[in-house]
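Note that chain A is present in both complexes that follow, paired respectively with chain B and with chain C.
Now for the complex of A and B:
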């Protein structure tokens, strides 16, 4: 009976793509290159041109970094660039803050996302960069150790939270609330650690530390102002909506540089106080105007049925806003908000131009003002650029992940 | 005149109180009159199906009954509470009137469980454990207890609409409004939602249903109401409607839809 070969169960025909996958890697690579790089005469030409340009750039960068550049301008001015006028005997406060933030990053990733291969690679590369910087010259061996402990805390926090169950339940809720609470408390905690109880005076915040303080204050403060501003602008009460609209249009109508001048000269007479506080106020007020517009856009994008359903189950106007509308609007506005956050992060450099506040770029200027390092301007600025890029990149990665994990239940 | 057919459960609606009273209700959208002098009374436990072509004002009318739309003239009284600008009245009415929407309008950022418990917990101040127990009970009733921890987007349309019904029931309303509850569903999911509604009708809920499901109207409704161009054109029992409609507009509509 069983004489038809087609029914032989032993014979398994591989689907074509599986068969292809079995061929040696070099053959597959060659085929991929032919398809994607050399598929036509024009394609081949473009590939060669691009490869040549890339090779030139890479050669130039490698030559600059490893041969041409004199990185002593950085290693000799490490403290100046990073902490500037921060009292050196209070260094532990800086490291404590770094460790706290790293731990928090680990906890956050473990709770809402997971570290992928690219994240690990980035951490390794960024750490290599940091250690190269910290360990060079040997004087700062302790800094390297502190830094490694911070990275260790990141992974420890991650390892603990990633193992906790993700299914909804009281434990999960508690975990989410604790980490969220820590995130909210993070900025005040860091500020207290840096400044209070015998820490530095505000004016002693300098260098990279100053950027790292100014930007979060601007972003968090901006968000806090932006939410009522957006609601006010959308309000049906004319006086309120008109006031909020005026605020937004006026603030967005002038460059940040201009507002920093206002902080320097006009606010001095009005509110006085520490320059750094005035700079913080200006950054927050400036950021808020943009964020309010993103939130307003999100509010408009939200289907009207959401607030109707909220009212239909009996929630009042405030509850509907707090529990239904705002959480969704804030989530929709995460991408533009992160764009704004990255932008304000880079704009903290403007502070140096206007105010006698010395942030990273300002202290890089001081570094190359030393006679010995004047020829090393490019090195100093390249370094500043890389540091800014690293932080901006971290912000954008984290936000992508947050967005992805908040996306559960997205329509 | 009100001869009960076999399909309609024998109930003594005559002796019931009027739970919804609408008198001379007008509603304008700018220059467009959406409701023109609508008056009706609905008794407790009554099942009313509202029919009409799109734009006839039927949705607007039931949205006026929990003030998702504000009526411009006339009077609406729900269970003895006057619908007016008094916020306390409005809150009282809204917690007595549940609503199910065409587009479900579940809260996408909350789990099914939290969608259902939100109202009881925030409005009725019910403790979380009680609210959770109530929600599970309601999910059993609509037939999807296993979906409690999922998010709305992970459910089919029919399941979402059943969650929406459970959410409305969680406030323990006296009246349920259904605004085309099956119009956004794929055909194979319509029945599961209608079954839940039918069960609800048998349990004695007062229901006002805007729908195009004629089978449901014929089987479940005590009374049918036909709207056209903002006016109440004709009303009567299912039997009256399907066997002996009086108005030309009703006849035309029924001939198009049946």
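Now for the complex of A and C:
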């Protein structure tokens, strides 16, 4: 290898890593395999065993998906799984919300990050999955078209915002503020579209729609409660810090199922209202306790000099909190907060377990309760798992991108 | 005002009463306490507390609690609180098994994610991404469904040599049962033997410490772990036979559509433990990976330089240091396992939460029952924290 340049005296000799990159692809591939797969006898053994296991898994999955499984349980029950009891003649409200959210995702990516090759690949794959699902049964053409328009909006929003200048300036500030404003207003807007002006009644929110409503309400509501809670816990006033600590520890002491039990049997007397509203309150109250702990951790991680400097330039307690401490603390706490958001997203399935609320998993239970589909239970649950996985993956992906562009972890 | 906030407090006569720090704090807290009292008062008056009390727990239960192991408590004659404790034992069992399994698998996967073998690393990543991002409830239910549909009916049970059975009613296997031996009753034998084992364990611990000390002094290998294990094993066997070896093996038998005798691992238990293990081990794997990656690269290089093998490098250099960062986060995961075990409800495994729910259905008293549930979970969490803090103290005792 060392004497290779000597065979061709005219050739310019490059540094070793460039020299390696120059060799034919097949040689590099072999080299890579030797280094990463067959680096020792034990390594080779490990590779063979793992490859065998992988082959078995792939065979099993392919056999299940294409031969064994009966996916009609999903395609025939599409409306049941996704919207459940939502009034069918109001379907446009659902599609409008989907388009709005897709547009928002495009705007967010265009403003604070950019779509890489992997993101495009993921969008194509996820869209393929969605269209596969939509292109069966009734209204197949229209729902496919609506979906494609939504993806088009995502790319349109992205294309517009990505072309705007990124340098700091009044235009950039305006762009950031308006997108952030839309993000903050997104949840109320979607709720109004779904429920107000002749839309559904709250109890008609079912299936996947219910998951998609419960999780953001829990996350946003939790964050709103968590900030004062974290400040209260860090406060030097004993009465305040003790009650906040008690709240946090008691809420974290019992499982979410326990708190949903409270929503069902005890909150009825205290706040009344629809069950779904009580479930939302419980989700927010539960999430708040965990988020408050993350914010408190971030507050502690912030150097004391920050608030001292704020006082030194004459800001009062409130201003220093609002302008100096909180923005930095919230930025530090974004990664664990996203973890908590994903966790709440997955935990929305729990409302099915004790409450008579039917979200996606609950309606999958209803789907397989039909006589025709009782043998297809595994298919139904695998489908539910995949849907949850896709959304959780999108959440973690967006947060990674936004974290990267906000420079979290750097000072 | 700005001066008062930052510098030394000026003489109190100059500052108006309302602007003094002490007065302000007192006022704020006063208002706060008043508001809290109003909220609590509202909640208190809106709850129906006329029949509040825990007397209903001592009435006869009148329901069956399944999934019992080592116990066979009958719900007809026993009180509700007894049956609840049976449920607590079922929860504890699932939690302990899930903690052990998810720790082992989590560490393996976490180390595998950093493997130099590309395929192994990718497989580990796939494992983590799949099990971390799907709801635990769906995992538990899916495993349960697969066990019910995938396993054969008990009529065509998989029979391994007439002592090991697999069917959709679970796995049945032989299980040792204590006899009376020299000591009157089986319970006496178990008590005496456990006491003997504790004493032998103490001796083994002393041997280990002694050998470790000599190893440190002389630099020659004295094999402390092997010696300790050997002493314990020999002691255990000798004491077992000295007590008359009073154990009979209980082999499972199928009668009709049920297993009797032996140990039966029901699909509910397996599904719950498998779900908890898959889910939590993915999180533990990420924690382990983070802990290892946080170490400076020089540690690995130094271990290589002194000629340690890959396994020695991991167990003697990397993991002991990474544990400092790993243990607090892993403790959190253990607490999550404890709370998530309530998902037993979804597969009808009779854990504490489900039994509490049954009691509530029979007797009402939701508030009291919730109080009991939360106190139980907190006690278990507290026990886990105490044990893990003990480990943490041992790991961080040596300063680096």
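By our rule, the second predicted complex is superposed on the first by the 393 of 411 C-alpha atoms of A that agree within 3 Å, B and C clash if a C-alpha of one lies under 4 Å from a C-alpha of the other, contacts with A are read in each partner's own complex, and residues count from 1 in each chain.
Quick note on the criterion: a contact is a pair of C-beta atoms (placed from the backbone, for glycine too) under 8 Å apart; a residue touches a chain by one contact, two chains touch by 3 or more.
For clarity, every value in this text was computed on a predicted model and none was experimentally measured.
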First (chain B), second (chain C), both or neither touched by A:316: both
Chain B versus chain C as contact partner of A:26, first or second or both or neither: neither
Touch count on chain A, higher of chain B and chain C: C
Partner chain(s) touched by A:37 [first = chain B, second = chain C, both, neither]: second
Which of chain B and chain C A:88 touches, first, second, both or neither: neither
Partner chain in contact with A:167 - chain B first, chain C second, else both or neither: first
Chain B versus chain C as contact partner of A:327, first or second or both or neither: first
First (chain B), second (chain C), both or neither touched by A:67: neither
Overlap of chain C and chain B interfaces on chain A (superposed complexes): 311-312, 314, 316
Sites on chain B touched by chain A in the complex: 66, 68, 87, 91, 94-95, 97-99, 101, 103, 105-111, 113, 118-119, 122-124, 149, 151-154, 164, 167-168, 170-171
Touching residues on chain C, where the partner in the complex is chain A: 1-2, 5-6, 25, 28-29, 32-33, 36, 42-43, 46-48, 115-120, 123, 129-130, 133-139, 141-142, 145-146, 149, 339-340, 342-343, 345-346, 353, 357, 360, 366-367, 370, 373-374, 377-378, 381
Chain C contact footprint on chain A (complex, rising order): 36-37, 39, 43, 46-47, 50-51, 53-54, 237-240, 243, 250, 253-258, 261-262, 265-266, 269-270, 311-312, 314, 316-317, 342, 346-347, 349-350, 352-354, 361, 375, 377-378, 381-382, 384-385, 388-389, 392-393, 396
Contact footprint of chain B on chain A as seen in their complex: 167-168, 303, 305-306, 308-316, 319, 323-324, 327-328, 331, 406, 408-411
